[in-house]
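Presented sequentially are two complexes of chain A, the first with chain B as partner and the second with chain C.
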Partner chain A sequence: MIGRIWAMAVNTAREAVRNKLLYTLLFFALIMMLFGTVLSALSYVDRERMVQDFAFSSIRLFSVAIAVFVGVGLIHKEVERRTVYTILSKPLSRAEFLIGKYTGLVLIIWLQVAIMALFFAGVSLLLGAPLGFAHLAALALTAVELALVVALATLFSSFTTPLLSSFFSCGLWIAGHLTRDLRDHGASSASALVREGTTWMHRILPDLESFNLSLEAAHQLPVAASDVWFPALYGAGYVAAVLAFAVMIFERRDFR
Partner chain B sequence: MHSADWRKRGYLRVGLLLIAIATTGFAHSRFETRSRVELGQLQVPSADYVKLWSLGFDAAVADYFWLRAIGVVGAEQGAVEEQGEVLADLIDLVTTVDPWVSHPYRFAAVWLTRDRGMVERGNRLLERAISYHPLDWRNRYHLGFNHFYYLDEQLRAADLLEGAIGLEGAPDYLAPLVARLRSREGGLQVAAAFLVQMIESAEDEYKKAEYLKALDEIQIEERARFLDEARVEYWRRNGRDIEQVTDLLAGPNPVLQRLPRAQMHLDGFEWILDPETNQIVSSFYRIRYQLHESETDRQRKQEWREREAAAEAEGA
Partner chain C sequence: MSDRAEIVRVDDLVKDVRPGFGLRVKRILEGISFRVREREIFGFIGPNGAGKTTTLKVLMGLIRATSGRASILGHDVSEISFRRQIGFLPEQPYFYDYLTGREILRFYSKLSGVRREHRERRVTELLELVGLTAAGNTRLRGYSKGMLQRIGVAQALVHDPQVVFLDEPMSGLDPVGRKEVRDIILRLRDEGKTIFMNTHILSDVEMVCDRVAIIVNGRIRYEGAIDEFLDAGEPEADLVFANLPAETAVQLEESFGARLRGHGDRIELRIAEKDSSAALRLALDAGAVVISATPHRVSLESIFLSAVNEAGAEGGAR
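Moving on, here comes the complex of A and B:
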């Protein structure tokens, strides 16, 4: 089973590498990282930190964009080109197909994060900006967040069109970053319905802020191992649940 | 198609391109392109709202608004003081979104000085700075300075500055400064007691020497005050003021038998009358132990008082 998933993943990765959108977004991400150096020149203090902040934000923003916009077409393309029939006629289950597709895209996205991270490290070293464990931890959790975003994009891609998938994925990404604050705001509400509603929203929707160590990275704040492992575990669990749900939907889908 | 037609079509395209560029340039030169900062129309969104919608890009969002704050101070139009509210809102936003920033807090403290309200806003920001950077002496120093210089709250300033003593990078003059602040409201005994405590706890010999120097100054001030009392007695007895400090020893019924030393450890210094203030001073220090207040400070405080009185009258 692992072999079949891996073969599917490699195939998906090869396909994704040919996607021009990936290179366009990667190019813009690198440009934005350089633009940070121009922007930071407007400040008279903390210039190196500002370059790092903008570069780190570029990594996150463009990686999410790649995850969503490449991820939403994952299944749809196969169905549209009718290649899904050929693939599924082989000894490959729908679950293996979906998980293989997901794994392939995650690998490609992690690869481009690694490229951007190297660029980030290069710019930081060039400017003499500090690099530490907090940066590494923040990048690692960004990678987990991206894996989750790809899982969501895969879920939506398994039953709807790319346009709707991208709306849903972006919407969930935004909501995922708001749930903590909404829960906190809801907690002070007089209405029990609002209080409970926002608490459950926070429990059910992905808590993407748990993967956000950007301030810790920006200011080289101490990061405990548990600040990385527990969110990573949470992300892995959430990805597994989303993929299981996606497989359930995909297995019932009628391609006729 | 003939080459003449191609050429004609080419000219037409270049012509259209030039017209488009000229139209764009003309239109662009006809409308307002100055930034809202320069126009004094900058609206700062709510800090909580921005924090909510920063979607994890907190550091970059804070940097963006920090650059806008610099823009407010750097803008040519309008004095910074007039833009105080905007600047305070911007720094509040920056430090709400990213409370770990360091410099913006002190930037606010430096620029938010138009009136008592602004200074108090700056102080609230500095209090936030202290809660996030408890080991940074500079925030405590700025907060203490604001309480002393703008709000005339010497003891509060002394308490705040005392918290900065001993923190990494804190200057050695802080302890003597705290003593001086304490002396104004609590008296010389309080200031001296504070310094004695500092001397006892100082591990650094250089710092200890600095504190001892400050303590010497307090002791000389105590002596100067003793001489002030003697001067009053001289006046009572003779119906006139002294012409020089040694007059206190002169006459058939001298007020004093001898003068105290004018320097705690060194010889060759004496008590003199300061020609400007007519105060008795040691020729070593040539100034009395007190907090210095310049004419500008006095004027500013007067302006504040007048402005506050006017605002109160308006409210009534």
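Moving on, here comes the complex of A and C:
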């Protein structure tokens, strides 16, 4: 089973590597980081923090863009182009196919994050900006968040078009970053319906802010191990649930 | 033939679909049943939209039947593990065009569980078999339609399956390519494999298939050995004469029940094979010249067309 999933994953990664869109987005992410360095030169205070803030935002935004743009076509394209016919006629279950595709894309996105992180480290060192555990923790949780975004894009890609999948994925990403604030605001509401509604929304939708340690990283604030492990476990659990749901939908599909 | 093991067994297969979002249900397969036996080339033929590809997709587990049962090598088609023993070439196959011919075969061999130590040898053998050795390191986006069809045949065979399913295997191929694919199919049969072939190119079916089933409008109209089809009824002969006197032609018609057709000064007649010697003697005695005398075989095309017309008449009556 692992061999077949890995074969699918490697092939998906190879497809991504041969996709020009990825290089374009990576190139722009690196340009944005450089632009942050130029912008920080206009500031008299906290230049290093500004560079790092800018770089972190670039890494997150561009990685999410790659995750969504490539993820939404991940399964849909296979069905549309009918490559799925020959693949599923082999001794490979639909679950193995979907998990293999997902794994391949996550690996490529993590590789891109690693490249951007190296660039970030290089720029920080050049400017004499501090680098520490908080930066590593923030990047690790960004990687978990991206794995979750790819899982959501894969789920939508398993039953709808890339355009709709993009809307749903981007919408959930934005909602996922607001759900915690929404719950906190809802808690102070006089209406029980609003309080319950916002609490349940926070429980059901992905709490993507739990993966955000960029503030701690930029300000060199202390980060406890549990600040990384708990969100990582939460992310892994959420990914597993989303993929299980995607497999359930994909298993029921007819490829007419 | 009938004592051979059943490799594919389909019983009362029904497939309903809902076109669009409405409640209306369209029946694509109307309870079809057939058998494919070991080491035979089975031709599944029918006009476009008859349900051939739908049947094949049910067999490949790509779509689920509404009711009925389909099994391959004794396994229900929803199972996964037995697929190690089957190969499939879809109609107008599309592959990852960013991979080379060699890479795509390597990929499929991994999915099919070909052992690592055998992979490269197997890939090389298959590229040679389908005549793509020189194009093995070219990306598939540079392949012609015919080359893609050949790489499709190669991927279906990469794990040396016991049963091979081919959906329109000759489509998109030039005459040379078609002959090559036909030769591969015959070679596979000689190697002891069972082949299920969807097609509407009847000449190919006549050349390679042992048994056929004709499907029209989701129903099997005929199923049987191809020789049974072609040899059905009393054997007949086609005689062509020049200078056949009119009174002799009438005599042939009345005495032997010959069916006559005229082309200029030539007269063509179809007659029971047992009467052909007497008819030839009569015509020669009357001064006619024999242009040709050939045994007449019922063509698959005529059977196919009568099945389609029959289905059309039933449809009209309903």
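Definition applied: the second predicted complex is superposed on the first by the 256 of 256 C-alpha atoms of A that agree within 3 Å, B and C clash if a C-alpha of one lies under 4 Å from a C-alpha of the other, contacts with A are read in each partner's own complex, and residues count from 1 in each chain.
Following the convention adopted for this analysis, contacts are C-beta pairs under 8 Å (C-beta built on N, C-alpha and C of every residue); 3 or more make two chains touch, one makes a residue touch a chain.
Every value quoted in this text rests on a predicted model; they were computed, and no experiment measured them.
Touch criterion not met for A:Gly128: it reaches neither chain B nor chain C. Of the two partner chains placed by the overlay, only chain B lies in contact with A:Ser214; chain C stays clear of it.
Of the two partner chains placed by the overlay, only chain B lies in contact with A:Asp181; chain C stays clear of it. Of the two partner chains placed by the overlay, neither chain B nor chain C lies in contact with A:Pro222. Look at A:Asp254: by the touch rule set out above, it reaches chain C but stays clear of chain B.
When the two structures are aligned on the shared chain, A:Phe54 is found in touch with chain B, with no touch to chain C. Once the two complexes are overlaid on the shared chain, A:Ser43 sits against chain B while remaining clear of chain C. If you check the complex, the residues on chain A that touch chain B are 39-40, 42-46, 50, 53-54, 56-57, 60-61, 174, 177-178, 181, 208-209, 211-212, 214-215, 217-219, 221.
Against chain C, the residues of chain A that register as touching in their complex are 3-4, 7-8, 11, 14-15, 18, 81-93, 254-256. Against chain A, the residues of chain C that register as touching in their complex are 17, 54, 57, 60-64, 80-84, 86-90, 92-96, 98-99, 107-108, 110-113, 152, 155-156, 159, 165. Chain B meets chain A in the complex at residues 51-53, 55-60, 62-63, 66-67, 70-71, 98, 100-103.
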